[in-house]
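Both of the next two complexes hold subunit A, though its partner changes from subunit B to subunit C.
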Partner chain A sequence: MTILTRRSFGALIGASAATLAAPSLLRANTTGRLVIIGGGFGGASAARFARITYPEVEVTLIEPYPTFITCPYGNLILGGKRELPQITHSYDGLRARGVTVLQDRAADIDPVAKSVRLASGADVGYDKLIVSPGIGLRWGAIEGYDEAAAQIFPHAWMGGDGSQITLLRQQLEALPEGGVVGLAIPGNPFRCPPGPYERISMIAHYLKQANPTAKILAFDAKEGFSKQGLFQDTWAELYGDMIEWVPGNQDGKIVRVDVENKLFISEFGEEHRVDVGNVIAPQFAAAIARDTGLADESGWVPVNSRTFEANAAADIHVIGDANIAAPLPKSGYIANSTSKTAVAAALAEMTGQPAPSDPVYFNTCYSHGGADYGFSVVGVFRPTDEGFAETPDSGGISPRGPLSELAENRRLEASYADAWYDSITRDMFS
Partner chain B sequence: MTRISLIAAALGASLLAAPAFAEQPTPLIAQGCAGCHGQSGEGQGAVARIAGYDRDAFLAIWQEFRDNSRPATIMNRIAPGYTDEEVQILADYFASIQ
Partner chain C sequence: MSTPRVRLPRSASAGEEIEIRTLIDHPMVTGLSSDNPRDMLARFDARMNGQTVLSYDFGNGSAANPTFTFYLRAAAPGDFEFIWTHEDGTEFRAEGSVSVS
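== the complex of A and B ==
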């Protein structure tokens, strides 16, 4: 990291720099200020871990929503297996641990003055900053798909205030008999690689009972996807011919939507009429990571693979979906796992300790295919000099095979998935 | 390796002015287990408690997961991802907590 890149970062956002207070003195070995932007999988995990492991460090969490609604298990709302309150989490547990929770939005970052400007106008100084704001949707990347269109064709790909997942659920309940549910699925990279296919499964699980002649048309910009074999086995076993998946090389890429006429329009001009449209739009890092110049031209933030410090600025560590860390998936578990290394690296530096040099980044994504029907993918990752790599001969997906042989395995994995959800949300909020 | 993985723990300890407040610091390498087995390995729902696991039994069962000689849905994919040194740290840590 050169001074030049730090300067250019400063210049990009420089407007507020002059008006901000001078950087505070570093209080090495006594205390320091850790500020965290975003109270989701990365940010809440970081806040809780920091309070437990470094009790003398002041921790401030900036998050605009009063509660956090998880994307994980949101698909189970569509499947009729969960209600919104069951995936809504309070920040009171973090407050009780001494985290200062500011219900506000980070509007700007000044890496020179080391301060975060809030939407309300106040400035919050930091010694170390963790940024975990998640994703933004590329409005307009699919022609006609903007914030207004999302009120008709929901994306339901960010928790927010819960209105998107609620809208999609209501639309499924109101689907005419034998109606068509369309999904538009983006190319890589995007949040939660198996997520769209778990969603297809959970919608099918609901429709099989409520509207068995309905159809699901899943249009994909890609030719293949995460846990593909497992999902396709599930669909064939549980849902007959209800689901049709259209890959990119069969004109599956949706390039335009017409919400008035409820149309999905493909790359080669095919018009598909849908009764319910779920547009999982192309993504990039959330605005705060792009507007401040932390992200590069890809729209995602390049980081150091051992510390998660942004290439563009010192003392700012970017974790979760907003960074570029392939082959690490953009998952909640990875955001949680990497948050701890980022905090340890950030605070070790503050107190003059060496950063952890052999971290392991851990991922499991469970998916629900139907009732008592779960499977998973595991990845154990490590930093390399070039970036990140999966540990050889480890990880991978659940076994494939006929349901008659694997029913017990699928049942167990569904119950372990529930345990995962409870355990990881406790690791964030309790 | 051991020393570095335990830095978080050591640093936590040196900062602890008020130990009554703090929970036992966890080596970073064991943090990945918390997403299923609970923050201190206390177990969660259908996933077993591993806090207080006998050290030798832990090493034995890890080997069985590694070479797939024990029925498992997922630990047989997790276990091969860790080095022998890391498994020793995990065994020591989970054996040490109540």
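== the complex of A and C ==
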């Protein structure tokens, strides 16, 4: 369809009052159609922001699940600090704002005809498309780790229907006394850089009470990780010798799993028997971003750093974990923060409003280390001619030091984390 | 610690390029930047059927837990020895063999 600016739309109304029944004016209240694939931190934030900021634009959200279960705070289920309903969010708030929510899976995109093919077979036309589908797991990248194996060694790294995080929680509850919990952690990039280490902390928090002689063996493909000093301080302070972290340069990279015998097998052939295995498998952009050619050979989608328009296709803006925007982390907060820039850039032309000229992208990642024990890292980023860069002398990280001196700080940050969760989920769904 | 680890294929076809990876747990402390005394490996040697195929002299710039990945064309069956020699003369060894058909 022809994209009408607000000004020309107004002029058209005046000029063609006699032809109101003409087909081109049947959609008289809308300036254009924004379609969003994926109702998570990127997509839900984009939908809500678009409805509030550009009420004349028609917004359709395509999301296969009836509700959204957040990955942030999923680790608190493992720690026994939250229940699944507390991190499950309804799309009713978006519906009430006028978003058309289609519970369906986007199967294909036609960038020429500008329409999305749904798994149910219907086509949804768009003027601008936001693609925020999240990640897919690289099944088979760890030999023996496929969808069937994930029923024994859960990944619990995508919200989905909640069954994965529930399974992992149940397995922890059933862990034999003094049993071993193994985690396999991937190399960069992956969703939620501090997530695996918060997970280790929350599992330890649970086991310290329920099964204090249990062990956690965390095998990592990397030699370092986000907030490493803070996490390792936490582990030493709160959990003694319960946790062992094995980095990639000490043969921590897991290359094969044997679910029948409950084995993790390392790069150099060492076999580790675990009672519970959590395999955070290597990742890439979700299928819709790869199957349509939006992603490059890395498996992620390169984008314009000011507009998030995909390098591979006009009028398609890719946000959230599916894109490559390093040094922006693959976090819910970044998906939320960048969604607004992407929507404003996408809709600038059709609404006649300026695109953001100097966008700034914010990130804060809180992590829970234990009860009333939180810390955070903050980053501020801007586009550059080459991509993205962290703004010099911005951001920061929680202080390190003995718990005796920092208990109040840690307690406050845990409450800030809870407040962050409440506010960002309201910015997505209310 | 100083656990040497090697990974190489059990078998290869004649003329095939094979990948050999090695890793040793070692702190590689230079003694320059901390109170810890110097604790460094001096040399790494890989031998195939008694012949040196790779040797490397470590310097102060070497990272902890040094790892090597290298490639050989498998012309004949090979018995491999991998030797890490500490500056104090201590040797750490690993072995492996590749059959060629």
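Everything below uses one rule, namely that the second predicted complex is superposed on the first by the 396 of 430 C-alpha atoms of A that agree within 3 Å, B and C clash if a C-alpha of one lies under 4 Å from a C-alpha of the other, contacts with A are read in each partner's own complex, and residues count from 1 in each chain.
In this section, contacts are C-beta pairs under 8 Å (C-beta built on N, C-alpha and C of every residue); 3 or more make two chains touch, one makes a residue touch a chain.
Please read all numbers here as calculations on a predicted model, not as lab measurements.
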item: Side-by-side fit of subunit B and subunit C on subunit A, or clash; value: fit
item: Per-residue contact with subunit A, leading partner among subunit C and subunit B; value: B
item: Touching partner for A:269 - first (subunit B), second (subunit C), both, neither; value: second
item: First, second, both or neither for A:56, with subunit B first and subunit C second; value: first
item: Touching partner for A:348 - first (subunit B), second (subunit C), both, neither; value: first
item: Three-chain overlay, closest Cα atoms of subunit B and subunit C, distance in Å; value: 30
item: On subunit A, positions contacted by subunit B and by subunit C; value: none
item: Subunit C - residues contacting subunit A, complex; value: 5-7, 21, 23, 25, 63-65, 67
item: Complex contact set, residues of subunit A against subunit B; value: 49, 52-57, 333, 336-337, 340-341, 344, 347-348, 351, 353-354, 356-362, 364, 376, 378, 380, 391, 393-396, 398, 409, 412-413, 415-416, 418-420, 422-424, 426-427, 430
item: Sites on subunit A touched by subunit C in the complex; value: 249-251, 267-270
item: Complex contact set, residues of subunit B against subunit A; value: 1, 4-5, 7-8, 11-12, 15-18, 21-23, 25-26, 28-29, 31-32, 34-39, 44-47, 73-74, 77-82, 86
